[in-house]
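Listed after this line are the structures, all set down as structure tokens.
There are two complexes below, and they share subunit A, which is joined by subunit B in the first and by subunit C in the second.
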Partner chain A sequence: MRKLSVRTKWPVMIIMAVLLTIPVAAHGAIQGATGTTFNLTAVAGHISTADGNSIYMWGYGLNGVMQYPGPTLIVDQGASVTVNLTNSLSVPVSIVFPGQSGVSAVGGVPGLLAQEAPPNSGTVSYTFTASQPGTYLYYSGSQPELQIEMGLVGALIVRPTINPTTQAYNHADSQFSREYLFLLSEMDPTIHENVEAGMMGLVDFTRYFPVYWFINGRAAPDTMSSANAPWLPTQPYNCMPMMHPGDRVLMRMIGAGRDMHPFHTHGNHHKIIARDGRLLSSSVGAGADLGEFAFTTTVVPGSTADAIFTWTGEKLGWDLYGHTGPNGEIGAACTAAGMPMEPGEYEADHCKPFPVILPGQLELTFGQFYSGSPFLGAMGSLPPGEGGFNPNGGFFFMWHSHAEKEITNFDIFPGGMLSMMLIEHPNVMLMNP
Partner chain B sequence: MRPRRMILMMVLPLLVITFPALPASAAINVQCPGDTDGDAVWAAPEAQPGNTVCIHLTAGDGFVTMADGKLQYMFGFSDVTGTPPHMVMDRGMLAANFAAPTIKVKEGQNVYLSLSNVGMIIRPDLFDPHTVHWHGFPNAASIFDGEPMASISVNMNATLTYYYQAPDPGTYMYHCHVEATEHMQMGMLGNLYVTAAQDDLPNGTPLNHNGSTFVHTTGNKYVYNDGDGSTYYDVDFPIQIHAFDSNFHDLHLDVQPLPFAMMKDNYPMLNGRGYPDTVNPNPLTPPMENMEKVSQAVSSLVTTNADRKVLLRISSLSTIDFFTLTVLGIPMKVVGKDAKLLRSSTGQNLYYTTNSVTLGGGESADVILDTTGVAPGTYFLYTTNLNNLSNNTEDYGGMMTEIVIN
Partner chain C sequence: MRTRIRKTKSIQFMLAAAFLLWMGGSASAAEYWLRAETITKTMPDATTVAMWGYALCTDGTYSTCDAAGVPGPALTVGPLDASLTIHLRNNLVEPVSIVIPGQLASMTPVKFTPVGDTRQRVRSFTAETAPGAEGIYTWTAVKPGTYLYQSGTHPAVQVQMGLYGLMKKDVAANQAYNTPAAAYDTEVVLLVSEIDPVIHGHVAGGTYGTPPPLGITSTMNYEPRYFLINGEPFTYGSSAIPAGTPGQKALIRFLNAGLKDRVPVIQDLYLNVLAEDGNLLPYPKNQYSLMLPAGKTMDAVVTLPATPGYIPVYDRRLGLTNWTATAGGQLAYLKVADATQYILTTTKIGTGSGTIIATSAPGGINCGADCSETYNAGTTVKLTAVPAPGTAFFGWSGGCMNTTGDCILTLAADTTVTADFTLANTIIATAGSGGTITPPGTVTVITGADQTFVITANACYQITDVIVDGASVGAVTTYTFPAVNGDHSITASFSQLTYGITASATAGGTIAPSGTGMTANCGSNVTFTLTPAAGYVLSALTDNSVDVLASVVNGAYTITDVMADHTVLATFTAIPDIRVTPASLSFGNVLLFRTRTLSETMNNAGAADLIVSNVEIIGANATMFTVTNWTGARTIAPGGSSSLSIVFRPTSRGLKTATLRITSNDPDTPVVEVPLSGYGI
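For the complex of A and B:
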């Protein structure tokens, strides 16, 4: 029943995911800032939540514009990385880089965890060598319990020396065809209201009670809008994973808040190949031999996990493309007719008929992401006004926090820590990102 | 409480009188190969095709009783396999079970799972569809995944037959995915597991993975197709973690807006019961509010003889919190996680022995308790999130059960 109230919001998604995105033939890449020197400003601003709320934030921004999360810093292994921080806030701010060693600071004033940029235009500069590839995060080391909640957190990706655009680490076990970021966080708006009102004395973490949950700084369905959507000027990053059957999708998962989140991938298992920027290796050079399969991964605060997700549709027991012979033959007659296979199709299921009869349209409720057909790349009839978000007949799978409370936006379902992953027919070009 | 109960007592007879008058059975349409009378079982002259299993579930509402005696309104599933179509509505209405009926199938079986939506008798203002989501199904197709935004869900008085070629062995779980936060908090959660094909090897088959000298004997059971007998077990018990927020359920019954943001569980449970109900080996006495239909049939009592390997198939469908379970006095050997054998890509077993397992919603673990040398007696399986050893305000309850070694 409740979904009716948010249905009006979902059309935004189709426009974004399907029409406005920029087709790129190359692998799906993670949006972010590249280079060796990054000029960040700690600055205040607001973000939007999908229920229409506007929340006061502190964030790291490029060019002085607040964004949540901070820019994803993408650097090369071995690079000497410099991050210059200018503080526009009225409290001291800093950055710590968990997982990086030998971080040195120039300027600023000493703080408890890191050298800090003093309030009101103070500066500090950090330098480190990105010695190990992998997925990391960075966040404020100044009153972090408040400042990370306020938004001073971001992702750091170190690309490996070997095949930096197609591997996460210097081993083929980390090879990927597309990669996506899953920076997970939660939020208690009461904290933000008090900070915005300048009533710091009312900020009380003993009553911390999050009611918003985010992937890459957006609450669903905004997660599925395009990156850099103009109506989300301070939330540039989306989360709209797409793939073809057989692709290897790299998931870079980051716990960027204070709670653990059980992140579930519908469609198939994923295989954790690395944690906190280190391959799960039994010995040097062994690759991800200690990798762990999971259908739900606990994403831990301050920690990262890299996983490879694949999907082939094999062993369904029916032909997922719905092949029939030229005269509608199914089963052996279809096989005998020599219907060609799709790329990577599971041969044993080729031409196997669909196993059941689907009920009539009046007996079903149809999802907005349903094509009307059970087959990949096919469309079927739908009642007027139903479906519509799946123009190529892809398979959508919800990827979400399985703490189901967290797929809401402050009392409104659905939303929060949720996105839809899309598997398209091999002949359909994927949009990016 | 009392006025609500009076209303129920007045409404229920009306509903019972009204519903059989509806053209109810038309859309109870079970698809089950070889079954010609629509009851999802085979009776001569019907012939069961090889390697095929049929299950018929209904989805609707009902009532359960918490361990402190509190009545809870809920949504849930009920097993009507074997029920003639014209009797499904009658059997399925108000028959929601918590935990949902356990689904156990063999690897490679063709599973035809029919779901009939019998409606919400206590909330006739709702028209919610339902689904079955086989959580963790590998290489799933959207059509049978039960996630309603990406596929189809079943309206009231309709039946959808899901088909699965039962994939890899292991401990999965199932739940309704429609308005998931609500329907899952309301109780549409159950155990689901797939037993390994290795169980059915010919007697005397050697299992030589990594130099093992293990020889399979007919009757042996294994959690996975391990190739070395290392996941052998004698007896298995599904243990599902979940919890209710009684405020959420009460507001639902009172037709009030639902508190998603304020959701906070106060009845932690295993298999739909709080301690000490968890150790009752029998179905709990059903409440009169659901026409005395059995609604809590899954016991969590683990009984075994000494010198046995006991497999706990632990899963969590908690909608809010992570929970840690411990077994006092018996080491816990974890051999599987999320329906996958713990094994390195080079074939090394990565099993580990521990005394606690932590699971968030949607996670599972296969834990073997080796009772060899363990003194007969009663041992406890309970959450170390200690505030959850309670049934709301009643202490000495909640997420705990007993392991009795004879």
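For the complex of A and C:
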């Protein structure tokens, strides 16, 4: 019977040896283009999927470089936003802005859903006032069943007038310390192959059969690689949410494709506070009083949902950090007895002992995310070759589409619409996505 | 509260329920007569689909009926109507029934025992009406709201065949629910559904229930190809749905009678969603999208914008095609009417045929058959002309005057736009490299007109052949198609002109390339390499008898820009070539007044006789050196050699130097000098 060596003492030495002592840096913000005028080009390119495939896409790009999804446009509430669209494709394209009213267009030719930029260097310019804060999306209004599939979609974030970088809406219910984008989409590669080969006549959307699923334009495990990875030049965004205990994480979920996706957060419920850019309010000013807790949220195509996720280790039933009281105190008594709490720690479990005796290493199988210690921020010994994915001793919770088929890349697991929420010790500096 | 159903006719079918009474009509009741029958629907791509629909009839004789449709007629239960009674006449070959999910009724399910099984399966949620019979279905306390009425028998097949429709009841006139927010001025119904034509074909053809490959045995592989709003897919000719005038409150009833989830999205506006499944929500939802699973109803109120216009509503599940054709499916426009309306009329002229379609919001013209539409004043419409095969579009007149492209106009009055579709044909004219054909490319020719093409070869090229419709007409410079009445092709091919090159050399060297019968492309350069043999020199070079020896550079001669035949002749002449060894003579130390003799050899490496004409010694101490065997001019044959003896006799001490000078007929080195040296000691 092996006792965990760290049980008897607050594992100061181990933690300090492993972690950076730099205090928490600037909070995480979603990467995107800011300002009031955006010059987008509809351009063709290719993306990579994690099973090694390369898929022909059409995307909105800044500076003429294709990206999937299109750039996340971040504007301020009340701003007059202008989006200039240049079309380098050989079919007309356009942009619609669901949720925005009074969108006017200059140039281009009228289409069924929006003013369109004609093919081969045609242009059109859209202007609207972003009058309400929230999470929105934009996509092509020209032959949308084809062009959204081909990748002409992106996120639009309107920051509120009150606390624009720490709130999603003009109410404290939407306060966050970190925010992450979850733009969900799916893909049927036969459509892209036919378009690339110039065989539009073979495309049949009534037989749509997706085999790839993406978060922010990447299929797992690429979701967990760094943003702006040089080997994914047309897929700049990643999805690797990270937090410290006690943080409020804003999830901006967007249904960018045509299918519903049940997005599931292991580790805790999240609280849905808004849909389609509107707080779930019983009346004006009441905040998100109609918000509801869920551990799976159906992300609806064309629709958005905002949720707040928190985690403190609450009710795990043991002290996350392995604190112990000098005389076995628990909770506030332990703090009073001189064992301080970490930021965001759940006081009722403070100094509660770890409830089991871990089996010996020879009686365990290991996953790559295990640090060797059950305590947050702590490492333990591991057999040679085990672990390795958890350099700071964090807790990993899989966040994914719960339609399990969607966490594959063309039938290969793991893949698709999957990522991890990583909870790190308060002293660990979190990488901005 | 019990619902009783009376069968007026009972044919082969045995009801489990016993004798029933029809509850006598209350003072206020809604009552309808519906007839279930087959209809044929033609889709925009000309596919015909068999469907089952309801026709609204005036009474129980079923002799005066509207045409049957899908969805069935909207059944309104008035605010003061407590009950609803539907008389259902079944003109189908299967039993049918009617259920209204969300409305309470006492159901008497009908079961059957499948062949080979001992257990019963439910076929019908409630009592059936047999083929040819009439059934009565009653709801005695109809709840307000928006509902779907649909077949309750073999629902997996019958509902998707088209047996569905809207049933609605308000709480008061223009008031949908008991809340002020549910008051409305106008009402819009958006009932979405789908068609899988394969299943319809099997049901109509009697092969539903036959195992594959001849039939299908279930709707498990339901895969719709058409997507409908209020029974129709969008086409360019679809008219917008009137929603009211600016500022009015419009109640939108959303219903999904299909089998797949749909997500209607409204542009530019937010919906105030008040109710689901006929149940008022405790708090309204404020969304621009609705998640509408199969069978769902939702009610929303919208305050129409202050300015007239057209508000797009479309399925964000992207059921927006008519099978494989774009601009179809579940797309519609809500019309916010302007006080002023204008009519846009399209007409066609010309000997050919084609279609004019409105390819901008809100559609409205597919001419085709639908050639005019009433629009709000100020609406911008884009019309696209689509000529039929064998026809070409020759431009617009009337509201637009451009000869190519789309007609884009903003309506400020009733307007007529005319498209010229004239029978025309296409001639594809292509020229290979080396020449041109005029006019080139895709040439449109009005049927009956002549069309002439001119073929021109570029410089250095000639016309090789002209192929018209796959057959050669020779290397002509013009070709005329008379009275064109079909599509044609004309292809001209060209080849580069070439010239003959002959090159030869006399003995004593080579010219490369050489020979007769060589060719060079017109305009190209030809380079000859001239290589004399040992002992020879290039003495003459002519090109077409012109002396070009001066143009030889580094042993090469180039003809640039060949424009004619060329004959190149190279002449090589033998020359003598003197070589002397050693390069210098050192006699070393010699006693005064003694002699030492050394030999200098002269070789002829050339191919002609070397004549050494003079040998002499010059220099500071020339007197101390003597050539002893020079007797006069000496001839050395090619390859031969001859030697000179030189004697050194110092007459004083010290270094003595002189130069042996040999003069010959070597053209390159007529004079050779050999340094002589020695020491007198």
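In this section, the second predicted complex is superposed on the first by the 392 of 433 C-alpha atoms of A that agree within 3 Å, B and C clash if a C-alpha of one lies under 4 Å from a C-alpha of the other, contacts with A are read in each partner's own complex, and residues count from 1 in each chain.
The definition used in the following text is that a contact is a pair of C-beta atoms (placed from the backbone, for glycine too) under 8 Å apart; a residue touches a chain by one contact, two chains touch by 3 or more.
Here the structure is a predicted model, which is why all the values come from computation and not from measurement.
K.L.:
By the touch definition at the top of the document, which applies to A:T298: first (subunit B), second (subunit C), both, or neither?
P.N.:
In the superposed model, A:T298 contacts both subunit B and subunit C.
K.L.:
Once the shared chain is lined up, is A:A307 touching subunit B (first), subunit C (second), both, or neither of them?
P.N.:
After superposition on chain A, A:A307 lies in contact with neither partner.
K.L.:
Touch test for A:S282: subunit B only (first), subunit C only (second), both, or neither?
P.N.:
So A:S282 meets both subunit B and subunit C here.
K.L.:
A:Q368 in the overlay: touching subunit B, subunit C, both, or neither? Say first, second, both or neither.
P.N.:
First partner only.
K.L.:
Once the shared chain is lined up, is A:F397 touching subunit B (first), subunit C (second), both, or neither of them?
P.N.:
Only subunit B is touched by A:F397; subunit C is not.
K.L.:
Which partner, subunit B or subunit C, touches the larger number of subunit A residues?
P.N.:
Of the two chains, more subunit A residues are contacted by B.
K.L.:
Pick one for A:A130: touches subunit B only (first), subunit C only (second), both, or neither.
P.N.:
neither
K.L.:
Can A:L290 be said to touch subunit B (first), subunit C (second), both, or neither?
P.N.:
both
K.L.:
Could you tell me if A:M243 is touching subunit B, subunit C, both of them or neither one (first, second, both, neither)?
P.N.:
Touch partners of A:M243: none, neither subunit B nor subunit C.
K.L.:
Tell me the contact category for A:D411 with respect to subunit B and subunit C: first, second, both or neither.
P.N.:
first
K.L.:
Name the residues of subunit A shared by its contacts with subunit B and its contacts with subunit C.
P.N.:
After superposing on chain A, subunit A residues 260, 282, 290, 298 contact both subunit B and subunit C.
K.L.:
Going by the contact rule at the top, pick out the subunit B residues touching subunit A in the complex.
P.N.:
Interface residues on the subunit B side: 27, 29, 31, 110, 112, 126-129, 135-136, 138-143, 145, 147-155, 157-165, 167, 177, 179-182, 184-185, 257, 259-261, 263, 318-322, 337-340, 342, 344-346, 348, 350, 358, 360-363.
K.L.:
What does subunit C use to touch subunit A in their complex?
P.N.:
Touching subunit A from subunit C are residues 223-225, 261, 263, 265, 267-270, 283, 285-289, 291, 305, 312, 314, 316-318, 320-321, 323-324, 326-327, 331, 359-361, 363, 380-382, 406, 408.
K.L.:
Which residues of subunit A touch subunit C in the complex?
P.N.:
For subunit A paired with subunit C, touching residues are 96, 98-103, 109-113, 143-146, 148-149, 201, 203-207, 255, 258-260, 275-276, 278, 280, 282, 290, 298, 300-303.
K.L.:
Which of the residues in subunit A end up touching subunit B in this complex?
P.N.:
It is residues 1-3, 173, 211, 260-262, 264, 266-269, 282, 286-296, 298, 311-318, 320, 355-359, 362-370, 374, 376, 395-398, 402-405, 407-408, 410-414, 420 of subunit A that touch subunit B.
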